[in-house]
Amino acid sequence: MISKLKNNDKLLMIVFAILVLAGPIILAPFGAGYPDLLQRFAIFGILAVGYNILFGLTGYLSFGHAAFLGVGSYSTVWMFKLLTMNIIPGIILAVIMSGLFALLIGFITLRRSGIYFSILTLAFAQMSYSLAYSVLTPITNGETGLQLSLADARVLDPVNTSGSIPSTNLFGLEMNDTWRTTILGMDFQFNVGFYVSAFILIGMFYLSIRIFRSPFGLMLRAIKSNQNRLIYTGINTRPYTLAAFVISGMYAGLAGGLLASMDPLAGAERMQWTESGSIILMVILGGTGTLLGPVLGAGVIKYFEAIFSRINENVLHAWFDILPGFMENAMVWIVLPFVGKGWQLTLGLVFMLVVIFLPGGLMEGATRIGNWVMKLKNRGSADSTKTSAKTSAKSSDE
Amino acid sequence: MSVFTPNRRGLLKSGALIGTGLAMPTIFTASSVAAYTNAPTGSGAILGFNVPQSGPYADEGADELRAYKLAVEHLNGGGDGGMMNTFSSKALTGNGILGNEVKYVTGDTQTKSDAARASAKSMIEKDGAVMITGGSSSGVAIAVQGLCQEAGVIFMAGLTHSNDTTGKDKKANGFRHFFNGYMSAAALAPVLKEMYGTDRVAYHLTADYTWGWTQQESIAAATEDMGWQTINNVLTPLATQDFSSYIAPVLNSGADILVLNHYGGNMINSLTAAVQFGLRDRQVNGKNFEIIVPLYSRLMAKGAGANVKGIFGSTNWHWSLTDAGSQAFVKSFGEAYGFPPSQAAHTVYCQTLLYADACERAGTFDPCGVVEALEGFDFDGLGNGPTHYRAGDHQCFKDVLVVKGKENPTSEFDLLEVVQVTPRAQVEYPVDHPMFAGGALGKCNSGA
Amino acid sequence: MDAIFLQVLNGLDKGSAYALIALGLTLIFGTLGVVNFAHGALFMLGAFCAVITRKILTLSQITLDPVRTNFLGKPLEIRTPYVELWWGDFGTWMIDYSVLLAILFAIPVMALIGIIMERGLIKHFYNRPHADQILVTFGLAIVLQEIIKAFFGANPIPQPAPASMSGGLDIGVLFGFAEYAVIYPYWRIVYFIFAAVVISGVFAFLRYTTFGMVVRAGMADRETVSMLGINIDRRFTIMFGLAAAVTGVAGVMYTPIVPPNYHMGMDFLVLCFVVVVVGGMGSLPGAVLAGFMLGILESFSAMNEVKAILPGIDQIIIYLVAMIVLLVRPRGLMGRKGVMEE
Amino acid sequence: MGILEVQNVNKHFGGLHALNNVNLDVKEGAIHAIIGPNGAGKSTFLNCLIGKLAPDTGSVMFQGEPVLGKKPYQINQMGISRVFQTPEIFSDLTVFENVMIPCFAHRDGSFMLNAWKAIKGETDIREQADRILLDVNMQDKLHMNAASLSRGDKRRLELAMCLSQDPKLMLLDEPTAGMARADTNATIDLLRDISEKRGITMVIIEHDMHVVFSLADTISVLAQGAIIAEGLPDEIKGHPKVREAYLGEAEV
């Protein structure tokens, strides 16, 4: 199955689209089926897919992508304040602004490679963060973050007399509209904002497949493999890396714009180096250079942040209800340090375990499970060797 | 619209099968045609406790969480009732809120606006929280307050000291019990005048973000009114660890007062550096050099250790107060956890009680009803003397404590001593005071 | 003039902290080529060695005060440290000097932690991509700091300098300034001297011992050295232990300047990477030079006169300098060619 | 007028005069070998030709166009490709992809933002790559990872990559270094074949005199940074200066 997906992009797209669109149903049993988290999954998925175009393909490790996320968010919120609550102009501006910003930063930082490039991007992002937090407060509203207010102009929108801030919308379709239903005791929420993000994610995923399979993508992979050879093969690598940098910066800007569209606030923390770090971790955790991995990694990290941090003693007691009293308490005592305020401990452990046992990230785990299932399946059939040989030959075509 | 309680074990099993063993839909909203967001349906009222559990303010968050748990226990009729017994309003009877058992969910703000909003959103969307409360910084409080306004739930702010929370960023659905920068300044000024005289030259170090600016503005205005001169105001980056390069220029600046408009780690580090540079042993203009920390908390005092001795500041509440309300709270908190509560714990406990009481008096959880019940509400017995929730900006007005670092602490919690309780009249200001101008409450939003 | 002189002192002081941390990191990152995101955590662990030492020294016998009561109306507990009970004034002296005693505690502990880290984890990552190294060491850093948080809480824990070193020295008089014009805290002077000693010690060790020579050769060309039949791996393990110990004592000595909390490692992490890279990958003198340079520039940028011209410059100075240095000198101040460039 | 004309090239490294007034005239279609003892400046010279190093003085003209001052990729786009001493290939990519890249570079120039096209649809490039791999007898290793090739195969792959660009001039740095005699002979045949069939001019740097004398049309001898002799193989064989330069070296 996995190897089939690897070779058949159409099938991969269809499976991916179905999984994403059915997100609210699939994730509900895991307690993650509510709009905010679903939106985050989709949006950070976009971010990670975009980052993977730079890091996964060219191997350039940028520590500054959070800056583009922030630029996108600020641009979008400003559009909401000045122009209209329709998300389209905001998102367009977010992509353009982050693209321009990426062009500027990329133009300077891509003069260096390796760790020097990483530190340069880090320096840019940290400067953006520090300034956004303090000196640039008139534009960014500093510590509090840029928020909407009743007094905003919104020149394209009708005059607002409701006394509350209008919600973000897509031609009247409000982002926070949610259709809820309860089936078999499970609460399912189908949210407009999520589906907007999801369709964009699917589109962006498709774009990333196109890039991966294009001559351009091949050149980017060649840069990662042996930049020297590429130069002596008559390729000017700088525009390639710059293009990849700008594209992935625009992805980040898009994600930032979407974040602001779902929740109209842009905070400076979005630009901090730790945010850039977590984007990197998403991609590595999922599997660098794989198509699905980054989306998976983004999901896992956001899931930990949203769900593990919110498990408290009461929830644990409810879980271990089934056990006799003293064992229940013992289990709660054992598990408690790893959830709630200890959620980061668990996340750290997951990072370590994944990288130690699954060097290729979660995608490698999936592949291994896939191969293992294949083996089990093939054990009975006579032509098993043939099939597996075929698949392995095929998968090297990747 | 039936409320369906799922078979938790069954869910757990299926969850484990899929590989994570996580299943947590414990709270269910039944009705989508309710009159307001997350209306409780008789199975319990969900409160969302959104506090910092990671990051520099995690200890403060932990203390807030303790107080919240205590408040929930008391509201549901457990424990000794704490301040419910001394509270002037008697609407609360210990059977939850409006007959609904009080339940709660917790989240981690990480002291980041983004994370705090995400956490609050999940409480509203997933857990069906009807009220959000907590936080340990103004940026977070303002961000979450904005969210609650849009989502149509009540926000009861935790520790937030910026003028903006009930100033230019005030919101109809948001309420603050904690005091603010202006009140700190108004309370401190008379004491400083008495202690240090009217002929002083002050040097300000200010954390370079909105809270720092508003506090500096307030303190400078109040001290200049009584004749002090503000010689300099230096903005320091939030990320500063070693403040030596900001402290050193103070030495020969001609100033004889240093005001540290810092909070948390910033304050601990700047005060440590200031004392290390011998500022307190200096004589300038023929007077002893003095340091002032306008906003104090016990955790900060603990972090700065012996350096806080004799240094003046203000605080919202302190456990050594002897009124009946404070004593009742300290007793029940102390017996439950073994140490006295911090001011953060106190303010969030009060906020929870005030919210519950407002619901009872309004007869509904509807935010608009609650807003109406809280606006202009006068009460007593929650530790700060007679208190007024002003309708115009949702700020509480009450006495403010001026404290000083204790010279001979008897335990690790006994770090501050109350110098003066500044009466409420002295710290009041008009709703349209220029430091609070620029925002509008808007209308209450009940979400439906 | 005295203001500038003071900022130079501040810069040297900050610089010695940066240089010490960067020295440790450059041994691991600049030479072994491991992107060690747990380096900040090592600094933090070092600082907590001081906390632990103090905790141990102040383990107390609890007696109840017959008269006074605590906040709940129960008899007040009075704590008397055992060391004071046993040894009297010597015990008090030990508590007073706990930061210095903590160095004795921190060196073996941190070296051991470093060696365990290298043997148990890092060793398997020498030939893995940098991305993997980042993920595993970042995970380790989180785990370490969460463990510290679980035991010591999130609040900073004050560690006073010994009483005899808590005052200030009128250092200005020595340089011809007026009396009381330039008073500098004793402890910061101690920190600077300490840093100078440790840095020279590490340099001397690498320069004049056979061990150091082999390691330096190994840094330059690992394959050749291992072909000579020298067990370079074992030496790298020891290097890791050395780096951890250096970073650890830097942390111990830093505690009176900035009270340690569990998060301090992350706060220093980015900074020390910047210092190492600005100094140039693989160059020990470069790291030290960059540490002092950034420390001094950071101090100057905090001056009111400078801030008046360029508001907010102190927020970004480190990164601005890093950028300029890297754009002008592709491999940092003293970097070697070919180290970590792909 | 040769295809490549080098005039008065000088290069200093600190005090070392690595190249001293080097002149070279390579005729179109010829195989021109540069020999010389270790440290004679052969690699430095080659690096100057491909833009890796900038000479202090002098000029290098390729088909009448100046080469110096151009970036390596521009020099390559002029029609000069280089085979390195240790094979430089894209080891993370498959053999087929390795060959496709120079094909693209040849067709699309130094940069093209063709992110929307699919490689699968590039039939002409794929056919060209197939053909070239057939030429170097590697068609059975199409989908292997380049890293897993044997050393000889890596060399052949690099050669194939250069050939796929249809270069006018190839610079080869010890193309047979470290090869067994049989492989060396195969390589000699291959190179001669390429030269004859495609008419590609070659500049070869080589230690192995067997290779040099089997292949070269013209030989230049470099010693201590200067050309000390130039001529047909037979002339070089007996040249006294060459003997002097190689004194003590077993090969001659």
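Lettered A, B, C and D in written order, each chain numbered from 1.
Everything that follows uses one rule, which is that contacts are C-beta pairs under 8 Å (C-beta built on N, C-alpha and C of every residue); 3 or more make two chains touch, one makes a residue touch a chain.
None of these values were measured; they are calculated from a predicted model.
For this structure, the chains sharing the highest number of C-beta contacts are A-B. Annotation: 35 Å between the Cα-based centres of subunit B and subunit C. Distance from the subunit C centre to the subunit D centre is 52 Å, each centre being the mean of its Cα atoms. Computed from the mean C-alpha positions, the centre of subunit B lies at a distance of 73 Å from the centre of subunit D. With centres taken as mean Cα positions, subunit D sits 45 Å from subunit A. The residues of subunit A that reach two or more other chains are 130, 133-135, 344, listed in rising order.
The set of subunit C residues touching two or more other chains comprises 311-312, 315. Multi-chain contact residues of subunit B (touching two or more other chains) are listed as 54, 58, 62, 208, 235, 237, 239.
Every pair of chains meeting the contact definition is listed here: A-B, A-C, A-D, B-C. Those residues of subunit A that touch subunit D in the shared complex are 210-211, 213-219, 221-222, 224-226, 228-237, 239-240, 243, 247, 393, 396-397. Listing the residues of subunit B that touch subunit A in their complex gives 4-9, 11-12, 14-15, 18, 20, 22-26, 28-30, 32, 53-54, 58, 61-62, 104-108, 112-115, 117-119, 121-122, 125-126, 137-139, 142-143, 146-147, 149-151, 164, 169, 208-211, 235, 237-239, 439-440, 442-443, 445. Residues 2-3, 6-7, 9-11, 13-14, 17, 68, 70-72, 76-77, 149, 153-158, 160-161, 166-168, 180-185, 187-188, 256-259, 261, 263-264, 267-268, 298-300, 302-304, 307, 311-312, 314-315 of subunit C touch subunit B in their complex. By the touch criterion given at the top, residues 28-31, 33-37, 40, 130, 133-135, 137, 141-145, 147-151, 162-165, 167, 176, 178, 180, 182, 184-187, 189, 263, 265, 267, 269-270, 305-307, 309-312, 314-315, 318-319, 321-322, 340-341, 343-344 of subunit A touch subunit B in their complex. Residues of subunit A touching subunit C in their complex: 55, 59, 61, 108, 111-116, 119-120, 122-124, 126-127, 130-131, 133-135, 227, 273-274, 277, 280-281, 284-285, 288, 337, 342, 344-345, 347-352, 354-356, 359.
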